[in-house]
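So, here's a batch of structures to check.
Below, chain A partners chain B and then partners chain C, in two separate complexes.
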Partner chain A sequence: MQNRVISRKDLASFVDDLIKTKSAGEVIGIKAQGNKFNFGPLASAAELRLDYDISLLPPKKYFFPQTETVLKYEVGKTPKVEAVAAEKPLCIIGVHPFDIRGLLLFDAVYGGKEPDPNYFLKRNKAIIIGVDCLSPNPKSFAASMGTNITEEGFDLMLTDLGGDYFVTVGTNKGHNLINKAKTREAGAPDLEKRDKVRKEAEKKYQVSLKMKKEEIPALLDATWESKLFKDRSETCFSCGSCVMVCPTCVCFDVQDEMALSLKGGERYRRWDGCMLTEFASVASGENFREHKEQRFRHRMYRKGKYLVERYKYLGCVGCGRCASACLAEIASPAETYNLLKEAK
Partner chain B sequence: MKPRVAFFDFTGCEGCQLEVLNFNLEIVDLIGAVDIVEFREASSDHSDDYDIAFIEGSQTTDRDVERVQKIREKAKILVALGACSCTGGVNALKNRFSMEENLKVVYGDSAKLYSTIPTRPTSAYVKVDVQIHGCPPNRNEVISLVKCLLTGKKFEQCHNPVCVECKLAENICAFERGEFCLGPITRGGCNAVCVTGGRKCWGCRALVDEPNVNSEKEILKKYGLTMDDMMLQFKLFNGALEVSK
Partner chain C sequence: MVMQLTAKQSIHLPRTAELIRVEKLSDREKVFEFKFDDGKELGQKPGQFVEVSIFGVGEAPISVTSSPTHKGSFELAVRATGGVTNKLHTLDKGAKVGIRGPYGNGFPLDTLKGKDILFVAGGIGLFPLRSLINYVMDKRSDFGEVNTLFGCRSPQERLFIGQLAEWDKSKDMCFLETVDRVPDDEWKGNVGVITTLFPKISFDPKKTYAIVVGPPIMYRFVIAECLKKGLADDHIIMSLERRMKCGVGKCGHCQINGLYCCQEGPVFTYAQVKSLKEAV
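Presenting the complex of A and B:
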């Protein structure tokens, strides 16, 4: 597909047009929230902050909302159960490559033989306009995870070349969309410039893995007994912040909520995570990961081993959100893997 | 038969009852589902019967203690409603002073006519079946509890710290705004309303099951705060708890 180059001004008109015509669905974009950034509905292209580092919550919230009703029911003589799942066409602007990688992992986990309808009804309709991350968060280690750049998972990918944006076209949908904007064909020098900008950005990552990412599963295989898990989790609050902000955390809890009339109710799901004390407790009262070091270790294995074995994707894309959110400063998988390697 | 529900008022601001009566549309359903009998004076308790007793406020005199013990005898289920009853709440601030001092400050020259005891949670005097935390408590939790009682489901209070709901609400962490927040050690269930409203968590819903108080102290240092800063904030709602001492 032919890549394009677009000026800042024309990109703004393009986005404003998407907002006005809703031709690609509701337009969501990355915006400032206080001194941080977050995804939200876009009122105008001027709100876009394509120069951001990380969003408070990853864009997964649009396909897998924090709480979501999945079932409505009525009880009584003729009980009724109705699945609730709705399409919602969205166009999300400003998704970083590592978050796109997070979505691809989600696709794998929520797909398979029994695809999750609530997720895919929204996901399949969505248009993803990515942007290369040129000012990485100080806690991010996406470059080490190979997720600072992605060749798939987007319809369009923007790269800020200084004056203009390079537009990498990923799909036919993206091609048709950008065709409506005023652009010019990208030539070899433009492509060279894009790759140079990406290389420069790669050097800005302040945290890096002291091993190849492919070595993580074997490292974990050899360190199950390590004292480090206990030591490092000593200050853990079990507050769950690390799992709540993670673009690759897929877990949820399911609850039935009866209406006060007691004539019916609904079933909803809500984000849940393995760092919380009750996550692994079952009806009998047993808690399979009762101690915080068990939960801490589990998360590290989950990210670095279990998911790779099952889905071929590492369970961490290195965005650095967990490390930024963790008040105890212990959540970064990269730091733990590095320490495990050092201690070995 | 509809369960009979009674609310009993002790030392508190009555904000809890206000909050319960505040749930607009749902109150209609609630009234349909249960019989509400509201009591204000202990003396008239004896003749009536009720299944579920909500205790609001702390017991701050010997008479209060006797009264709550009588209520316990009659109630099938006793619920501590709100911070004052669950933990002693703001009332526990008075435990920092001697009871004589307290009486003098409040009643001046007539102090001799009154008596008062240190604030303790209701559970210090009687068995409490369910705690609905918060100052004020979250009305959804009250409704949830009523539904559980009606359907025979076990009521589960929130086990997560406030941080979980705070993250779900997409707040910027109070610590990043240079404030000291008790969210990591405080029981959630309030949707982190205070942080969402631009403030911080004051710990009104008491401690989570496994509070890492030591770690909370560690972050203090990091953010240039002192232990006194934390205790002052912590004791506002949790002064009657062991960890406060």
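Presenting the complex of A and C:
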């Protein structure tokens, strides 16, 4: 597919047009929220902050909401049950490559033998317009995880070349969409410029892994008994912030809630995470990861070993959100893996 | 990307089933017999589990205690211990619940065919194991010698008493049971933990598979006994307990290290469990 180049002004018109016509669904974009950034409905292209570092919450919230009704029912002698799956076409603008990698892992988890309609009814309809991250968060190590750039998972990918944006076209949907905008064909010098910009951004990452990412599973295989898990988890509040902001945390809890009438109610699922104390407990009272050391270690293994063995994608994309959210400053997988490597 | 789905294909949507029989087993346990409203079979393998819904209360994973050789309905034996199970204990015949499943791998019937079997059940570990014991008894000629050991804490906690008596009388299996302690003199049987039954039985470790289901503490001691008797790691089979919230490998609650108890389990061999640090 032919890549394009678009001026700032024409990109703004393109986005404003998407907002006005809703031709690609409701337009969601990355916006400032206080001195941070978050995804939200876009009122105008002027709100877009494509120069951001990370969003407070990853865009997974649009396909896997914090709370989502999955069943509605009436109780009584003959209960009536109905499955509920909300869908809404969305066009999400400003998704970073590492968050796109996070969504690819979600696709693998929520697909498989028993695909989840609640996820895919939203996901299949969404248009993803990515943007390369040129000013990485100080805690991010996406370059070490190979997720600072992605060749898949987007319809369009923007790269800020200074004056203009390079538009990498990823799908036919993306091609048809950008065709409506005023652009010019990208030539070899533009492509060269894009790659140069990406290379320069790669140098700006302040945290890096002191090993190849492919070595993490073997490192973990050799360090289960490491004292570091206990030492490092001692200050953990078990608050779950690290898992709540994570673009690859897929886990959920399921709860019922009766309506005030007591004639019926809803079953909903909501974000849950392995760093919360009761996550691995069973009805008899047994908790299979009772101690924070066990939970801390589990998360590190889940991110660095279990998920890649199961789904081929590492469970950490190096975005740096967990490290930014953690009050105890212990959540960064890169820091733990580096310390494990040093201690070995 | 996954093909077009509809809400009706929800992983959360149960089928409704009617409670057709309730029987008290002990102070805390009852067995519930259900029949699907659509008339279909559950179609489970021994050792699989279902998600039971009580609308307005929630959902809980429960192992199926009846054998698939029993047609037309299925049984769940349940200890009242959480929100859903306590509510279940208040239900009478005619009540409707939701059922999803069956889920999980179940016991490896192909591996067990033609082999000698040692069943070891501790307490309510008998519930999932009973699905296989009944299956083996119904297809008795497909299997070799059968030894069954059952242990619980006290005579009051014995379960499926009528069936225990049948097994005791049966010429098709050698059945031994014990209780950990005796508060009264009425009990004339064995007293002591389940491992005290091991010296009383003999089996050929080459031809035998041990199927062990019980509380975590029991596994440690019973596995040691099995190994002492010469059973290989992959001839020891166990069923593990986790809180499977979805049953389809998504919610994450039942992870045992890198495995999902609802997908690769709940039945594992000791050879597998040995390499899983969090299994028991």
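The criterion applied here is as follows: the second predicted complex is superposed on the first by the 344 of 344 C-alpha atoms of A that agree within 3 Å, B and C clash if a C-alpha of one lies under 4 Å from a C-alpha of the other, contacts with A are read in each partner's own complex, and residues count from 1 in each chain.
Quick note on the criterion: a contact is a pair of C-beta atoms (placed from the backbone, for glycine too) under 8 Å apart; a residue touches a chain by one contact, two chains touch by 3 or more.
Note that this is a predicted model, so its numbers are computed, not measured.
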| item | value |
| --- | --- |
| Touching partner for A:Val254 - first (chain B), second (chain C), both, neither | second |
| Touching partner for A:Leu327 - first (chain B), second (chain C), both, neither | first |
| In the superposition, chain B vs chain C on chain A residues touched | C |
| First (chain B), second (chain C), both or neither touched by A:Ala83 | second |
| Partner chain(s) touched by A:Lys227 [first = chain B, second = chain C, both, neither] | neither |
| Chain B versus chain C as contact partner of A:Arg8, first or second or both or neither | neither |
| Touched partner set for A:Arg302, first chain B, second chain C, both or neither | second |
| Overlapping contact positions on chain A, where the chain C interface meets the chain B interface | 258, 262 |
| Chain C-touching residues of chain A, taken from the complex the two chains share | 70-71, 73, 75, 77-79, 81, 83-85, 107, 109-118, 120-121, 123-124, 224, 250-256, 258, 262, 264-265, 267, 269, 272, 274, 279-284, 286, 288-289, 294, 298, 301-302, 305-306, 309-310 |
| For the chain A and chain B complex, residues of the former touching the latter | 33-36, 38, 56-57, 66-67, 234-241, 244-245, 257-262, 270-271, 276-278, 292, 325, 327-328 |
| Chain B to chain A touching residues, read off their complex | 26, 29-30, 32-33, 143-144, 146-147, 150-151, 159-161, 163-164, 167-168, 170-173, 175-177, 183-185, 208-210, 212, 214-216, 218-219 |
| Partner chain A, residues of chain C touching it in the complex | 1-14, 16, 53, 55-60, 79, 81-82, 85, 96, 98, 215-216, 241-243, 245-246, 248-253, 255-258, 277-278 |
